[in-house]
Amino acid sequence: MIRVTVWGENVHERTNELVRSVYPDGMHATIAAGLAEDARITTRTATLDQPEHGLTDAVLDDTDVLTWWGHCAHGEVEDEVVDRVHKRVLEGMGLIVLHSGHYSKIFKRLMGTSCSLCWREAGEKERLWVCNPSHPITQGIDRYFEIPNAEMYGEPFGIPVPEEQIFISWFEGGEVFRSGGTWTRGNGKIFYFRPGHETYPVYYQPEVRRVLSNAVHWAAPTTPRWIDEAPNVPPEQAPEPIEVRGATLHRPGDEGFK
Amino acid sequence: MIRVTVWGENVHERTNELVRSVYPDGMHATIAAGLAEDARITTRTATLDQPEHGLTDAVLDDTDVLTWWGHCAHGEVEDEVVDRVHKRVLEGMGLIVLHSGHYSKIFKRLMGTSCSLCWREAGEKERLWVCNPSHPITQGIDRYFEIPNAEMYGEPFGIPVPEEQIFISWFEGGEVFRSGGTWTRGNGKIFYFRPGHETYPVYYQPEVRRVLSNAVHWAAPTTPRWIDEAPNVPPEQAPEPIEVRGATLHRPGDEGFK
Amino acid sequence: MIRVTVWGENVHERTNELVRSVYPDGMHATIAAGLAEDARITTRTATLDQPEHGLTDAVLDDTDVLTWWGHCAHGEVEDEVVDRVHKRVLEGMGLIVLHSGHYSKIFKRLMGTSCSLCWREAGEKERLWVCNPSHPITQGIDRYFEIPNAEMYGEPFGIPVPEEQIFISWFEGGEVFRSGGTWTRGNGKIFYFRPGHETYPVYYQPEVRRVLSNAVHWAAPTTPRWIDEAPNVPPEQAPEPIEVRGATLHRPGDEGFK
Amino acid sequence: MIRVTVWGENVHERTNELVRSVYPDGMHATIAAGLAEDARITTRTATLDQPEHGLTDAVLDDTDVLTWWGHCAHGEVEDEVVDRVHKRVLEGMGLIVLHSGHYSKIFKRLMGTSCSLCWREAGEKERLWVCNPSHPITQGIDRYFEIPNAEMYGEPFGIPVPEEQIFISWFEGGEVFRSGGTWTRGNGKIFYFRPGHETYPVYYQPEVRRVLSNAVHWAAPTTPRWIDEAPNVPPEQAPEPIEVRGATLHRPGDEGFK
C-alpha cells in the first residue's frame, strides 16, 4: 500500500466561482479520488489553510509520495514547511509536481533554476506525446492522449535537463512543451506533469488519472530512508592507517561548519 | 579579458593564527593572485564583511565568473545577496565553488540537494585523478596531481550526478571523492573543485592554479545574458490562429502568478 | 521469479591452471551459484563454445537479465549474436557487464565509446565506496567493502557519464576508478560492475554476490517489451487533418530506408 | 579557421529528378555553400561514391567538424570507414548528423540505441522551438523558426536522453519531435539536427544555415586530440609503492586483451 498525500492550495476553489463549479470539493479532493481508484494506493489530503499547511512531521513521516498543486499562493507557503518537505524528498519521499506547481517553492528549491515558461489561457487543445513507451509512467497510455481544453505552457522551460523525458506536448496554438520529466534529488524521485489548469476538468480525465497513478508507483521509495549526516571520520577510524600531520582547525569531536 | 570576482569569507584568516600565517592577506587575495597570472583574466575580490558582501548589482553585472570560498560563516551570507548571485548565474555568469563552499547557500540553492559528505582533518595526502583528459579544465594537468596535505572529503557526496566528471580524488586514509564536477543551471556554468582547506597552502600550488585558470575560461559566458521572463503569449499572437474557448482565470494583460 | 542468464567466456578456466584452480567449473558457474542464493532468481548459464554462444533467440526471449563476463576472447563473439543481444537490451532485457567485459562488443556497442582504462595486475587491495547509499544496488552494503586482491583499473574510463554513479574504487597502488555505474538504452537497464579478475576468488565474496543479486533485481524489466519499429504515419492518419503538399519520395505504404 | 568536411550520400540527387531539381549539385554542395558564408569556416565535401567515401585518414586528420547526410544508402557505407570516423569523433572531431542521418551507421554506433522514430512525408509545416535560448547553437534564432514544407518525424525517438535539449519541433499534422540535441562521446561533441528532407529546399533557408554554422563553432574541438590507449601501469610505476601479491595472468610488458 503506497501512502500518498495530495497537497492542494485550495484558494481559487473557494474564491472563484468558475473554479468552484469544476472542483466543488477542491482540486485536491478530485486528485485524491482519482488515485484512490487504484487499490494499492491510500490517500490523504492537505491544504494551505491547515496548520503547518497540513504537512507536519507526522504527516510527512507517514507519506511515501506527495503530490503538489499550487498557483496563486506559492508565496504563502511557509519556508519552514518547504524545508521540511525538501528534507523528506532527499530522504526518499517521492514528489509529483503538477501544472502551475512549476513555480512552487519546493520545485524551484529542488531544481535550482527559474522554472519559468511561456503561457496562454485560451482553452486550446493539447496533445501529450509519449517519448518513452517503456517507462512505468506511460503504461496504459497509447502513443498520445489529448486534453480538449488546456492552458498552454510553452518552451523554453527553465529546468535542468530532465533525467528522463516522458511526455512532450503539442498545442493547437502552435507551441510545444516538455510536459513530463523526471529528476532524482538525494533519495527522492521527482516527476513534473504539466496538465491541470483549474478552470478545466483535467483531473477527471482517465488518461491523466492513469498517469498520476503510474507516477505514484514509480516515485514510491524502494529503499530505506537515507539520513544524510556529513559525519566526521576521526583519523583513528580511517580505513588506512594514517598519522595526523600539521595543525588542525577542528578539535576532535567537533562537528563541521554548516 | 575575462572579469573574475573572487569571493572569500575572510573570517578564519583574521581570527585564526594558523590560517593567517598561511594566507596573511586572506585566501581571496591568494586565489586572485593565482588567477592574475593569466594575462587574459582580470580579477577583483569581495568579502563577507563588505556592504552587501561586496556583491552589489554593479559588481555582479561586471563579473563574468565568480569564485566562492566560504566555511565557518555560510549562515551569515544574506539571503538577498544569494538571490542576486543565483539570478546572475541563471543569466550566464560562471560560478566556481571551492572546497568547503559545498555547504554554501548558493551551491545548495543551485544543486537542490544536501551537498553533504564525510570529512577528516589529518593533513593526509590527496591525489586528484583526471577523468576527462580532453576537457578544457584539465588541460596542462598530467594524469594526476597530488596535494601533500589535505583535509579529506569522502563519498557519498550529496549532489545531483555531475554532467561531466572531471576529477576524482584518492586519499591516503583510504577514501575517494568526486573532486571536480560540472553542472549547468539556466545559462550559467558551474564547477565544483574540492581542494582548498584553509590550514594548508593549497592555493599557492601550480596545478591548483592551473585548474582554476582553466575553469575560469570554461565557465565564462559565450552568449548574451538570458533574461528569463515567463511571458504571457496572448491568443492573438499564437503562431497558429486559435479561437479562445471557455472561461479564463486571467484577464488580458495579467501577469501570471509567481 | 527473475530469469537470469549468466554468460561466461570460459576460456581461461579451461586453458590456465591458475584460473581453473580458482574457478574449477568456470566463472559463470560460480556467478550463477551466487545468484541462486537469492530465492527470487532463477539462473541458467551460457558460454562462448556453445552453438550461437548459448544465446539463441529462445534463450534471450526467456531471459530478464543477462550478465556478461569476457576477457581474452571478445573478438570471437559473433557479430550476429551481439546484434541479437543488443536488440533484446533495447526491448527491455537488463544487462550486467562485469570487469573485463568493459571491452566486450556488446558493452562498446551500447556505450558508443572506447570503454578503455588503465590497468595493473598486482594483487593489490581494492576498496569500493558507495556513492549512492539509497540506490537499490547498494542495499545491504556498508559505506564500503574491500577486495583483498584485485587487478587495478584506473581512470580515465572511456564511457559516457553514467546516469547514476553507484561505486567508486580506491586502489592500494594509488588509483581510483568508477567501479559501478548505470545507463539506460532503449527499454534496457545496464549496470557495469568492476570486480572480477579471473585469478582471484572475487565471485565467492559475499559483498560481491549481494551487489550482483541487487543489480539483477534493479535491472529486471518492469514494463512490457518495447518493439521499436519506426512506423510510417500516413497523412490520413495524422492527428490533425492535413493536406499533402508537394511531391514525395516515398510511395504510399513504403517502409522507410534503414 | 574551422575545417569542415560535409559528407553527402549523393544518391537521390543523381537518381531522382525531383531531388536533382532542388539540389542540382548535390545536397552536400548546398550545405557546404551555406557554411562557407561564415568567413571563419572552410569547407570540403566528400561523398559515398568516392574512394573510401572521401573519408581517408588524411581527410579526417584535417577535419575539425564533419557533417553527415545520408538516407537511402546507409547500408553501403563501409564498416571500415565508420570505424575510422568513430575513432576520430572520440579523439575530438565534432559531428553534426542531419535529418535521415539518424539511421546512419555512425550515429547508431555513437548512440548505442535504435535511433528510430515515426515519420510522414506530406509537405506539412514544421515549427522548431528553441528550448535553450542561451546555447551557442541557438544564437541569432528567435523564439522559433518555421520550415514551410517538411517531412514529419515524430516521437518516440529512440535515443539516449540528450545532454542538452536545443530544439523541439511542432508539426502541422499534430506530432512533436526532439529536433536538436547534443551528446558527448569521448572527446567529440555531437549535434543531431532534424531538418533536411531532400525533396524540399531546406538547406537554402537562412535559419537552417545559421544553426549549422553555429553548430560547427560549438562542435569544433578546443583541446588537443585525445588518444585513448588503455595503458598498463607496471607495479613499479604505481603512484603508491606496492608489492605484487599472488599469481598473474599477464606477463610484464603484455598488452591487455581487447
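Going by the order they are written in, the chains are A, B, C and D; count residues from 1 in each one.
Methods note: contacts are C-beta pairs under 8 Å (C-beta built on N, C-alpha and C of every residue); 3 or more make two chains touch, one makes a residue touch a chain.
The structure presented is a predicted model; accordingly, all values stated were derived computationally and were not measured.
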{"item": "Both-way neighbours, i.e. chains that touch chain C and touch chain B", "value": "A, D"}
{"item": "Reaching chain D from chain B through chains that touch each other, fewest steps", "value": "1"}
{"item": "Chain located farthest away, centre of chain D as origin (C-alpha)", "value": "A"}
{"item": "Same-site or different-site touching of chain A by its copy chain C, using the half cut", "value": "same"}
{"item": "Geometric centre distance via CA averages, chain D-chain A, whole Å", "value": "36"}
{"item": "Between chain A and chain C, centroid-to-centroid distance (C-alpha), Å", "value": "32"}
{"item": "Whole-Å gap separating chain A and chain B, where each centre is the average of the chain's CA atoms", "value": "27"}
{"item": "For chain D, residues that touch 2 or more chains besides their own", "value": "127, 133, 154, 156, 161, 163-164, 174-175, 184, 186, 239"}
{"item": "Chain D residues within the chain A interface of the complex", "value": "127, 129-133, 154-157, 161-165, 168-171, 174-176, 178"}
{"item": "Contact footprint of chain C on chain A as seen in their complex", "value": "92, 127, 133-136, 139, 144, 146, 163-164, 170, 184, 186-187, 222-224, 226, 239"}
{"item": "Chain D - residues contacting chain C, complex", "value": "12, 16, 18-19, 71-75, 90, 100, 103, 109-114, 116-124, 149, 152, 154, 156, 158, 160-161, 172-175, 183-186, 197-200, 228-235, 238-240, 242-250, 256-258"}
